[in-house]
Every structure is written in structure tokens, then in C-alpha cells.
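Comments concern the structure below.
To keep things simple, chains are lettered A, B and C as they appear, and every chain counts its residues starting from 1.
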């Protein structure tokens, strides 16, 4: 598909910045800088700069100063966030009480502690079999795994080549619900395992 | 912003009533219960703590039994495994402190370390679960823009190829609406750290040794057993072999050394006669789980150095 | 639901204006001034003023002058339009080419098997919520439901009186594509489909 060169874009009212906004209006999942850059035929770093500036502007900052943003205006009622590998527009959390009245399919009910613990083990040990999660939690996790799958927070990601058991991992939706860009942004597990931080042979990267 | 877990590692939502009441649905597993009890007594996770909360733990299980709750076998067995370990630890503390020489002492130390390791690991996951919960709640206040595609854009989508018949739709619906095969119930043998052990194989091992002619003590017969389960299997094998008069048993005094000798009368015996009904072999997935679990424990094994 | 009085709203960052934006940014259907006013507990004329100002601001005017707007900034990539008795935010028409390119990228002319199965379940269980279809299929169906809606095969047909979740049903277009006149003409599912009578076990409220 051949796109307008960026000077064409610049001739439109609002330019590249407004074009990025226009696309953000129709996305239904976090959209990567790459996708935006390729649709708009703009360099990735320019799109990245636009996205960061928009985010700051919506938050009530300007991105104009050489030393970063300075507080200027009032925040907008929405925010632009970089989550689950892409950018997406959300209503600002301050207005949740008002917005929820208009969102018919509201956020689903809170997870039980059994479901949360199972989700945590899967998040940090993925890809992981149900049997292994059970071993860590000390109880069967079959029904909880089913609930988490139904709610789209985890999914089957393969089978163990040795045992043939199904392996589970977290979904992009999980990252989005958590407001993080990737699993790497989850809080470190190591500090919660006392006495381990001093050990040289302990491989942090597995957590 | 993120609500930190309590210093003792318990989940903030764990019942905070001043006295421990045996609420039957509060805990999501034996580790959860144990952590709850330890924090209830304002103890750190130590051997002392484990010994002290044993009675509460047992009381909880009794209460569950009395209440006649339909209780999943795997959960119950995990509770029982831990209760047994706790009782051992408590008993060991009540006895005069002796030298650590005995195999049983070593086994007890290993059981204790394993329990510590698993408990600490579980607590770590519980703590991050609380952080994840707080994040999910916080993020729940942000609603993503997710609107129907404007008609002029929807109209641009490639013409849908949709050449299905009503019958095909019915078949798809029937397939989806048929309750799926119940997923294999994992009877949670994982916590037994139990690879499949064959009584028949153990009988063969015993027979080979005894047929060399020399009587052997039971202790000698199990000295190389890799796990408690193998000890049990060898014991079961001995009982079978005794019934079939393949072996003879001698015990000089009650609780004394048990000596086993091969019965010369029985030359035609083969291990094939031994029943295997003791151990429905765990599915491979479960065996795998047990291994994986051991791997988990190894990852935090160095904790022992700090005990 | 009892809402904060408008002075409470004014204490939130961005105030009443941001609250209106927050709602408009996530609602799918045009929203009337009345609905906004009653949810926000603001006078209708104040909401009307905010809406007009926002529209002008997005278009690149400011609404601050007493004699109407004066041209100032650049237009945003989105616009606020008053259509069908309500207000809704759309991507700005100037960027339709880019938005189209983005929407078409990677679109397929065929439904995935997940989408087909979801469609079949909805056809036989309508009106039905997404949560229930998820429970039946064992996976989250949010994104395929969106695809099916965009494709005009299903539509929202109401809300569940108990849970408040949206209920979906098939469209006339679906029947037409299938070559039948009504849902009643779909073949009967095998009457002895094992365990079908237990389907009510999928309790929506647990998901």
C-alpha cells in the first residue's frame, strides 16, 4: 500500500499529530508504534515522539521545553497509555464513577484470592503446566485455570514436549488490565523470597 | 499506590479477627492456612512457629472433617501431608535434643526444609498476587476506548466470504454446546513428590538380594530406597512375599530388628505373583509436576543456610 | 446512583470539562446532553456549554471569547459531533484515508474458526451475553464478538436485567447470508445432545 509522504500529511490540518490521534480513535486494542508508523508512512521515532507528546499533553504537560515537560494546562478527561506492547486511549481514572455508568459491560468482578495466586504463579513461571502451579499452591488449580482462561487473562501457549501437558501463559489482555507494557514490568519476585538476593548463583532472569 | 502486603506476608484480606476462629472457607490451601496461623500468632516463619501452630492446624482439619464438607481428595491429602510434617517437627522439639545421626532425623530435617522452602515460595507468590490485585483494581478505573467501527470504515472491509449452510452452523453450535470432556482430574499426587513406584519391582529387588542366601535386616533392605514411597513399596512387597511363604521373618523383641531370609522351599516364585493394585500409576503430567516442583524448591533451597 | 454535586466535580483535575470528555471518549453510542447532565449532576445548560466548547476546541477554535470562538490552535485528530440526538467523538474526516488504510490492514475476508463457533453459539442461545458465550466456549470472546458486530452478523439486542451486561443476537443480514428466513428455521440441535440440560450451570455471575 503506498502512503502519502509525510509532507502531504503535514499539509492536512493538525498534521501528523492529528493523524495519529485520528487512528487512535478507531483502534480496539493497544496499537504499536510500528503499526502507526507504517500506516502513516512516517519514521518510527517521529511517531514515538508524537505519541509521547500527546500523552504528556493529555496529562496537562507540554512537551516543548528542552529539559522535558513542564506543567502547564489542565489534564484532559482521557489519557494515552503505552500498555501491552502498544498505545491506546483510556478514560482518566479520576472519573471512573461517572464513566462506569455509561459502560454497559463494565469491568468484570474482582478475582478471588485463589484465582489471583494462580494468576501470579502463571505470570512468573510461564509457560507452566497446571500440575506445576498446583504444586506451588498446594491445591488443585483446574477450575481456577478454567475461570482465568474464560476471562481471557491466561491462555494455552503450548504443550510440554516431555509430559505432553498443556502449558499456560498470560495474555496481552492481562498486561493491558494490569497497565504494563510487558511481563518484564511485573514487580520482581526475588525480593519476596527472603535471603535470596545475596546469592550469586541465583538467576534473577527466571523470575 | 500499591498496597503493600502485611509485614508478616499475609494477605491484607485474610480475616483479621483477634482470635483464630475456624472459618472453614477462608483459606485457599494448606500453605495459606499455615501462613494465616503463623501471622495470627504474630510469629515469623521459623521452626518454632511451625511447631506452635501445629495444634491449630490439626484442629482446623478436624473441624473440616466434622463439618462433613465435601472435600476434594487432593486438597485433603495435601493438608494431611503437611499436618504429618508439622506433627513430626513438634514431636522432635518435645524430645530431648540429641545428635543428628539417625536416618530418621535427617529425613525430618529434609521434610522441614522442604516445608520451609515451599512455604516461603508460596508466601512470595501470595505477596505478588496482592500487588497484582491492587494494580488490577487501580487499572479498573480506566476504561479503554473501544467503539464500533464507524460505518464508512466498516463498509470498506473486504466482502465477507460466508458460504456456510444452516446445517454447518448447527453442527458448530452442537459441538460448542456439548459439555467438554471433563478435564482429567488431577488427583494432586504431585505433593507426594511421587514418581510411580512398582511394588512388583521392589519385590524383585528384595528377592534378588535375599536369594544370595544371607538373611538381611529390613533396615538393610531399604537402605538404598530413594524415597519414602519406595520404603513403603518394599514393605508391601515383603508382606506379600511373606503371605506366599517366599520369605521368613524374625524379630527377636517387639520393635526390635526385623530380619528377613529367603525361604528355600519356594523356588518357583516370580515377582509376577505380586499384586500391583497398591499404586494406580500417576499420569505423566503429574509426575512431571512433581519434578517441576522439586525444581522450584531447588531454586530457593539455599534458604537453608539462613535457618 | 447518587453522584457528586458539581462542586465535587470541580475539585477533580480538569473539572467538569474533563468529566464530559472522559465519558465521551469511551461511549459507543451518541449520548444526549440530558444523560450527561444527569450522570454528572450538572445543569443541562452548563453541559451544553461544555459540549460546544469542546467541539470548537477540537476543531481548533477556543470557546473562551464571550462572542463565540476565535481561531487559535490546530484541530485535533478527532471531532465531537452532535448526531442522532446525541454527542459522540469520531476520527476527523480529513484523515479518512489513513484511518481506512489502518482499518483494512490485515483484515481477512473470512471468519476465523473461533468467530464462526461464537456466531453459532450466539445463533442458538440468543439473546446471550458475552460472559455466557465465553463460559460455553471456555475462552474470552470479546474480540471475536467485536469482529462479528463489525461484520454485521450479530448486534446488541438488549441488556440483561440482572447483570446489566449486553445481550447479543444475530442480525437479518446473518439470516440472509445463511439463506433462511428466521432463526426458527435453523436446524434443531440434536434433542439428546448429552448434558445440554445442564447448560444453566454456566452461571454468568461467576464470570
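Here is the rule we go by: a residue touches a chain if its C-beta (ideal position, glycine included) is under 8 Å from a C-beta of that chain, and two chains touch if they have at least 3 such contacts.
Bear in mind that the values here come from a model prediction, so they are computed numbers and not experimental data.
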* Structure fact -> Using C-alpha atoms only, the most centrally placed chain is A
* Asked: Looking at B-C and A-B, which one has the bigger number of contacting C-beta pairs?
  -> A-B
* **Chain centre separation (chain A, chain C; CA means) in Å** => 21
* In whole angstrom, what separates the CA-based centres of chain B and chain C? -> 47
* To do: Determine the centre-to-centre distance between chain A and chain B, using the mean Cα coordinates as centres, and give it in whole Å.
  => 34
* Structure fact -> Residues in chain B with touches to at least two other chains are numbered 143-147, 149-150, 153
* For chain A, what residues touch not just one other chain but two or more? -> 24-28, 78, 89-92, 94, 99, 103, 146
* Structure fact -> Within their complex, chain C touches chain A through residues 1, 3-4, 12-15, 17-27, 31, 35, 39-40, 60, 74-78, 89-92, 94-95, 97-99, 101-103, 105, 130-131, 134-135, 138-140, 142-143, 146, 159, 164-166, 205-207
* Asked: Which of the residues in chain B end up touching chain C in this complex?
  -> 143-150, 152-154, 156-162, 164-167, 169-170, 172-180
* Going by the contact rule at the top, pick out the chain C residues touching chain B in the complex. => 25-28, 90-91, 96, 99-100, 103-104, 107-111, 116-117, 119-121, 123-125, 136-138, 146, 149-153, 177-180, 185-190, 193-196, 198-199
* Asked: Inside the complex, what are the residues of chain B that reach chain A?
  -> 2, 11, 13, 28-32, 72, 74-75, 78, 82, 118, 120-133, 135-147, 149-150, 153, 183, 185-186, 188, 190-191, 284-290, 292-293, 296, 299-300, 302-303, 305-306
